[in-house]
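See the structures that follow.
Consider the two complexes below, in which subunit A is the common component and subunit B and subunit C are the respective partners.
== the complex of A and B ==
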């Protein structure tokens, strides 16, 4: 199976609680694997497409259909890209971007998942927080960039703050949904078998909420990489985003395109890795069992 | 009964308590970073309900809407084409997947190189960035049309165009809407970021400029404006979606009994 990201909208997906299930399906429910990679089927067609894309990239500037001085052909950019791998500064950029991604994601998971599980199990708490969450969730986190610069300076902390703010909401909301989607029959059966609250939580609630939480994490990961790069681009924190803007203002367009391609590949790899981890962790869940069938 | 009242009260009162709490706690604040809420709201009125609305908010919203409309139309057209043609999917699939995975803000440096005109650059970034969620969702929707419905339509003598218009697109519309909603919040983000990176006007520019001048109250007023915009956009889309897809939900409810 192709490891393409499942939810087509996950770059900025903000599932709305009251939206119709079907329309919000891609976000609110755990991904159904037959949707995976709607564009891609099989390795052969994938490589045909990659070859086609690179060929187009080479030909369009060469033939003068696209302006070659702005968009250098693939044969100019790809050697620069390969050269990057021997460049220490490049690796420290990758490290800076990824450390923002990782720290932000871990922090927000540690806070949002327990909070979401708590809110999901407690009706009063859910009602009390619902409006607040619905208000904060659609706020574009990039609006907070100036505040983050002011409070934290141009540091890793600033990046982490933005990533935590952006990723907190999808993880929280997915965790709440997950708990609320627990099958009442399963819960009641467990109760009638004499399981206590703690046992019900660990044996029934947690396993059935897990696919939702993991979907939330996958959405959050994509958001985290976007926010990391944005913070670097706008505020000038060290990382791939800053180097891309520096290359652009220095007129080194081959370097700029090489870095953009690398950043795209990094986020593709991250989402593929997360999907693989998801399949492995949740192999027992229906939505994943169906893949093998 | 009483439990329902208590829950409703909780739902209404908690946000109010938070808001009043912010107002009261920040009232005497002399901190540079966290000015009193009263001052923020006052500046909000002065800037965004006054001159700033014409000089910054309108250009921003204009660029955002233009880019979004282009993205919506182009996304549905390209997505339908990709959904219907396996050859196009094979050839363009990887490129589309890659561009979708690429953080959309990285279109900005690219657009800075290619376009000299400020407005065109931003509209381009918003249009291109927002088209990917629409494209991918449309492909998804078009491909998951019930084959039975298509066969029935063919049997009744529907032509290709008619099948597309009366079977494929309606049945893909819930997914198309999901894409449209995702890309509208993306449009707001791309608008703000493109103005923060390179601009001489706009909401994003104005907020970043206030921060650079340490006019924190103005900066907060801008953040409040963006928060409100994000919230309103979300509500607007949910309302529109409910209207346009009303037939779909009714159908699902009657068939699935949910």
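== the complex of A and C ==
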């Protein structure tokens, strides 16, 4: 998750420089029977993996290979999970966790993106802020939990503070990278056609930086959900994390596992939603262009 | 004179580590002329083009347009770069790419739209407006770049090795397209290339540059008959003579 400032090794952090171009007329071809078959096989094997995992979850505790008192089998946990969906308290937990995620992420974004774009376009500012960013960025947000409790108490603000601190840096750093990666030829073209600084910013710089910023947001979103649950678990702010702790201390291990599964599902849904939004927004980018054989 | 280049000099850096890219270049371009600039590899052609287009200030000397020294990209020039895939914006359709520079020049949307249609028609891309550049072949993308430059209605079309990254057949098609566009729009063309055949085939006049630090080795008239034709023109003995002459200038006797 933590990237070096100069050369991020994580493939996802930097959009691919170039990819094979799609020749004219290659799109909008209906899937051939072969392709449809391949898709179906893909889906089948994906779900086969899930079914196998659930089957193991059921069998291992039942056969006594795993201790059933700590790890209740799937047939015990899954009904509890389904039962949660009719429970109002559960939904207010989900709401509390998600509102921490959303408020934190929005606050981070509205501050870090403009700041990153500014730092990225200003060499002096970039130099001046570099050490500060490199100092704060590696500090684990959880290390600030005592401080956050001291300042904000056990409140939503405390959770939001931790999430903002954790997500601010990846968004900032990605925005700085993005704005620095504007293609000089694209900028020269725009300048040669008399576009002014404002027009170049909106038509060239911003769209060029967008893939980086979106990558930052995707990293930040995953961090935000981790931080929300952690803050609830450790500090006891209302939400899924606190309910997991409560279930555990009440000895309701089926409920504890059901809630753990829910946190996984919530992360999965958020990440899928972000990916879908990204594909729509950045459909032109090399990593999203529909390549058909 | 439309363009006058006077004692243009460009050095990168300063002091003992300074790199002199262009020592001293002077030449002139008249209205309606097709002038090719050729030179040996690494002779500072791109530096020259950046100075000519006003994207970069020269260290000393002038580029004058209608007698006035330029200090920024002038409205009268339309640029076509070698790297079409970087010069066109991938997040905009072909139509929006061509339209973007026109926003301030043509205020009325309907007129602007017609200018885009005309330019796309002139390069043979009618009906491709709603595609994205990356959905087109390299040759078609460079046509879009030419359409964008021509829709801007420049007095001078400035081209920086525009066909260097295209295959030979596409290059031939686009050479003739440029001649045709020049004829249709009556535009002056300043064409930087490293391809000697291309320069002799296209130009009315050739500015031959020396090895770096770059100076003008020779300015050469190309009295070949017009309209040029890929087979007939290239079969002329005069074509072979001019070509051999420029080769000797650039590569020496080999």
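We take it that the second predicted complex is superposed on the first by the 248 of 293 C-alpha atoms of A that agree within 3 Å, B and C clash if a C-alpha of one lies under 4 Å from a C-alpha of the other, contacts with A are read in each partner's own complex, and residues count from 1 in each chain.
Here, a residue touches a chain if its C-beta (ideal position, glycine included) is under 8 Å from a C-beta of that chain, and two chains touch if they have at least 3 such contacts.
The model shown is predicted, which means the values in this text are computed figures rather than measured ones.
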Contacts of A:130 with subunit B and subunit C, given as first, second, both or neither: first
With the two complexes superposed on chain A, say which partner A:204 touches: subunit B (first), subunit C (second), both, or neither. second
Of the two partners subunit B and subunit C, which one touches more residues belonging to subunit A? B
What is the contact status of A:174 with respect to subunit B (first) and subunit C (second): first, second, both, or neither? neither
According to the stated criteria, A:194 is in contact with first (subunit B), second (subunit C), both, or neither; which is it? second
According to the stated criteria, A:285 is in contact with first (subunit B), second (subunit C), both, or neither; which is it? second
Is A:185 contacted by the first partner subunit B, the second partner subunit C, both or neither? second
Set intersection of subunit A contacts, subunit C complex versus subunit B complex: 22-24, 26-27
Of subunit B, residues touching subunit A in the complex: 6-8, 10-12, 14-15, 18, 33, 82, 89-106, 108-110, 112-114, 132-133, 136-137, 139-140, 143-144, 174-175, 177-179, 181-183, 185-186, 188-189, 192-193, 196-197, 204, 207-208, 210-211, 214, 216, 219-220, 222-223, 226-227, 230-231, 233-234, 238, 241-242, 245, 248-249, 252
Residues of subunit A touching subunit B in the complex: 4-5, 8-9, 11-14, 16, 18-20, 22-27, 35, 37-40, 45-46, 48-50, 52-53, 56, 67, 70-71, 123-124, 127-132, 135-136, 138-140, 142-147, 149-151, 222, 225-226, 229-230, 233-234, 241, 244-245, 247-248, 253, 256-257, 260, 263-265, 267-268, 271
Please give the residue numbers of subunit C that touch subunit A in the complex, ascending. 50, 53-55, 73, 75, 77-79, 81, 83, 85-91, 100-101, 103-104, 128, 131-132, 134-138, 140, 148, 152
Which of the residues in subunit A end up touching subunit C in this complex? 21-24, 26-27, 183, 185-186, 188-195, 199, 203-204, 207, 284-286, 289
